[in-house]
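Shared between the two complexes below is subunit A, which has subunit B as its partner in the first and subunit C in the second.
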Partner chain A sequence: MIKLDPRTKLLLLLAEAVIVLGGLGGGNAEPFKTVFMALPFLLLLTVKKYRTAVIGAVLLGLGLAAGHIPTEGRGAIVLLMCSGILTRFVPSLMMGNYVMSSTRVSEFTAAMERMHVTPKITIPMAVMFRFFPTVKEECSAIGEAMKMRDIRLGGSKVMQMAEYRLVPMMTCSVKIGEELSAAALTRGLGSPVKRTNVCRIGFRAADIAMFLLCAAALVWIIWRSVT
Partner chain B sequence: MTELRDVSFSYAAAPEKGCIKHMDLTVPDGQFLLLTGSSGCGKSTVIRLLNGLVPHFFEGELSGDVLIDGRSVPKMELYETAALQGTVFQNPRAQFFTVDTTGELAFGCENQGLPENEILSRIGRTVERFRISDLMDRNIFCMSGGEKQKIACASVDTLQPPLILLDEPSANLDYASTMQLREIIKLWKSEGRTIIAAEHRLFYLWDIADRALLIRDGAIAEDWSRADMDAMTNEKLAEYGLRSIHDTDPVTIERSCSRGEVFNVKPHKKFTFPAEIPLHEITAVVGRNGAGKTTFLRHMCRSARRSRRIFMVMQDVDHQLFTDSVLEEVLISLAQEDEAKAREILRSLDLEDFADRHPMSLSGGQKQRVAIACAAASGRDILLFDEPTSGLDYEHMRQTADLLRQLREQGRTVLVVTHDSELIEACCTNIIRLES
Partner chain C sequence: MKGKDLINIGIFSAIYFVVVMVFAMLGFIPVFMPLLAVLVPIAGGIPFMLFLTKVKKFGMILIMSIIMGIMMILTGMGFFTVIVSAVTGLCAELVYRSGQYKSASKAVLTHGVFGMWLWGNYLPLFFMADKYWSTRKDFGQDYIDALTKLMPMWMCPVLLVTAFVCGIIGGLLGKAVMKKHFVKAGIV
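After this line comes the complex of A and B, so read on.
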């Protein structure tokens, strides 16, 4: 099983965003673009997120196929748009999913400390790891409640749908956010003492390979663009 | 020694609620003190004064001094107080900083900057004493409320604080988990820690506490010694507005009603749920953790989605109130918007005066009634309640019981999933046990 350092993951996330989502270098990025499109799925397999990987792969496959269907006129534009959105966004989303699900909060804070990032930035980012799953839980509970009260899309209240969903979401998120901060503060978060960290992070062979891959991609794209 | 010296405090946000008036209190080391009293009496404020959240996090007007071992809590920074005390909070879902259990146990110690080896050996000791090795390295989001609360206690334990504070730690726990919490508190007591617990549910702490205080309107109304506590009866406690000290496991209560009309429940793939629910009765649904209470509720809602007969009042009512006024809330539930009818429904539930208020500005019990008003407006006759009395004091529990009886008198069917044996004894006419 491959275990990457959180810093490597951040680099991969950046590379994914620049090369696949941003489309740096256009056609010059091949064959690295293909590599970076496939990479998130392989990484998801290493953390046993098979379901996510399969769903993502199907979406990406659809996107790639849509780009090759010979059509003309308006249909072609729609297909091209769908293809573009899927092929650009899906790999980056998958990489994000991998990073969030494979990194522990303590690993993340340790990595940020090694990079000398101030706690003023690290702590809010660390809270995100906690916050997203919490919001997801809240959101599904609210969705359930809305179904029970017969508030659905297509009813006479379409315009209010967003409001109805957001109001309880915000109330609950604020409440939980407050309780979370209170609990963390009573446990000494924000102390000027240098924090210890019990998890071990560090670069290994897999990390070096990933760094080399990113460096190679960058050099390749620059070289191809210049010549 | 832990002391409050002539402390007065009122919150800036709500000056009347939970304020403290000239309180003097001395808790010797090693004492287990139980704080009790009705909601909003100020017992949680005492806990917050001791862990420093008052006045550092919850702002307001403070006079007097709070001392732990001679050091003044209001003058210390929160992270300094963190080394002197550990707090277990009410809501198990909102007191974790990390996502994995092991990281959570290390969190407090990491903040203190303890050496890595020391932290690891402390975690090892806590895991062994609490017998929670099966809970290590798990995702907190995949755990039950009882397991989460155990981890919360364990993460306080690794810091080895001399003072342990508990703020209604059992509010969201079922009977079995509450008894496990009791064991943890007994362990702390045997190790000579000072423990101060604010609680409504007395049965699991009454016989192990050294002393109990009744707090009323921000002042100490009664100070009971161990001998006073032994002489106490349920009747006398009820006069003080307090909950029962007898531990009745809800699973052992007997109730049965005569057979009349029933609602047929569709069979479930995995669980064997009761096939029939008697109509026009108040049925309690009890069962241990993992017996499928949540699945049962969800299954009931799903199987009746077509017939539109069932409405569930959720444990966290905030999830099901969407609009900006109570009246609007009822209007959107009616098939045809009809203000006169909406007001009539509000009147039947004593909510008329609140028609223009924002639902989120109401108290917990009032929100519950708004949800019931919505159910009434949508014409549903079977009401499901998910733990409607968790965290409620005696008075509010009685009010909920009265409300359920009133709903039954109006011809509705009530199904209440609960671990509150007092509520069952107060109003339920039938009982269903879920077996895993």
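After this line comes the complex of A and C, so read on.
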């Protein structure tokens, strides 16, 4: 079982965003680009998220395959774009999924505190990451309610559809947010004393390996770009 | 700022970010790339105007703006955005403060200024064009050609102005939606 430090996970997320999503170095990034494309799937396996890993792997495979189908004209543009979107976004999404599902908010806060990030940034970000799943849940609940009353996405009523989806989502989110902040405040968030934390975080062998991997990728890309 | 304010920032950042991301996905179709400067500030107006009703202290808008910049780094949009968003966030903060954190017309103007953070995402397209495109070869030469044609240099200031104007439109829209729904629902 590999357990990474939240700071390492942040670094990996950043590396994923820069190398795979941002495409730093273009062709010079190989073979590290391939490594970083595969890495999130391996990490997902370590936290036993098999279903997500398989779905992601299938999507990524489709994306890679779409880039190699020989076509001409308009079809080629669409295929290349689909391929580009899938191969760029799927690995980063998987990495994001891994980081979110394997890091508890408490661990995240502890890591940020070690990095001397001010709580004025840390607390909103922790709340935000905690809140994304809630927003998603509310959205799907609203979708179900609309389906039940047979309200469908009509082509000519885009604004209305946006309104009918956005407004309930925001109303629910604000209400939930108020409850969340009441709960957090009774547990002492925002009190003037220094916060203690039960989470043990620290760098272990796996973290060092990941750091070395990122450093190697960076050096490799710079070296290849210069020569 | 107290804990409650910080939590509010987090909640509204999440809602705002989700709304932005839904529209940002359209950016893969070349025509929509410059249009994002229109769509995102308009759509973002609704959550942001609701957020402004909770803003009572200095720094809340600035922090939200910086968080948007950080999220753009994490989603691979480059490092320019966080610099731009820190500046526009501070300006938006000062605008809203000049209205004692309650003026409705200043709130609309605040969203206009705040919405300009989006402009930071376009900067690499103009100032580091070669590097930008060298990292996006896998989208195919046609995509690159289509976008280069859409984005001549003079588009750079135009996009900034567009984002501001559409931010104001979004602010007005947000105000209207707030009046229509949120006041009635009792969450303002």
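Here is the rule we use: the second predicted complex is superposed on the first by the 220 of 227 C-alpha atoms of A that agree within 3 Å, B and C clash if a C-alpha of one lies under 4 Å from a C-alpha of the other, contacts with A are read in each partner's own complex, and residues count from 1 in each chain.
Note that in this section a residue touches a chain if its C-beta (ideal position, glycine included) is under 8 Å from a C-beta of that chain, and two chains touch if they have at least 3 such contacts.
From a predicted model like this one, the values you see are computed outputs, not experimental measurements.
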### Task
Classify the contacts of A:Gly61 with the two partner chains as first (subunit B alone), second (subunit C alone), both, or neither.
neither
#### Entry: Touched partner set for A:Thr171, first subunit B, second subunit C, both or neither
both
### Message
Just to be sure I read the superposition right, which of the two partners does A:Gly202 touch: subunit B = first, subunit C = second, or both, or neither?
### Response
neither
### Query
After lining up the shared chain so the two structures overlap, which partner does A:Leu14 touch, if you call subunit B first and subunit C second: first, second, both or neither?
second
### Query
A:Leu185 contacts which: subunit B (first), subunit C (second), both, neither?
both
### Task
Name the contact category of A:Pro119: first (subunit B only), second (subunit C only), both, or neither.
second
### Message
Looking at A:Leu24 after the superposition, I want to know if it touches subunit B, subunit C, both of them or none. Which is it: first, second, both, neither?
### Response
second
### Message
For A:Ile85 in the superposed arrangement: first (subunit B), second (subunit C), both or neither?
### Response
second
### Task
Could you look at A:Gly75 and tell me whether it touches subunit B, subunit C, both or neither (first, second, both, neither)?
neither
### Query
Overlap of the subunit B and subunit C footprints on subunit A, residue-wise?
126-127, 129-130, 134, 163, 167, 171, 175, 180-181, 184-185, 189-191
### Task
Within their complex, state which residues of subunit A touch subunit B.
104-106, 126-127, 129-130, 133-134, 137-138, 141-142, 144-151, 157, 160, 163-165, 167-168, 171-172, 175-176, 179-199
### Message
Which residues of subunit C touch subunit A once you look at their complex with the stated criterion?
### Response
1-4, 6-11, 13-15, 17-19, 28, 43, 46-47, 50, 59, 63-64, 66-67, 70, 73-78, 134-140, 142-143, 177, 181-182, 185, 187
### Task
Enumerate the contact residues on subunit B facing subunit A in the complex.
51-53, 56-57, 78-79, 81-83, 85-87, 89, 91, 93-100, 102-103, 106-116, 119-120, 123, 141, 155, 159, 298, 301, 305, 308, 311-312, 314, 316, 318-324, 332-333, 360, 374, 378
### Message
Which stretch or stretches of subunit A touch subunit C in the complex?
### Response
13-14, 17-18, 20-27, 67, 76-77, 80-81, 83-85, 87-88, 92, 119-121, 123-132, 134-135, 162-163, 166-167, 169-171, 173-175, 177, 180-181, 184-185, 189-191
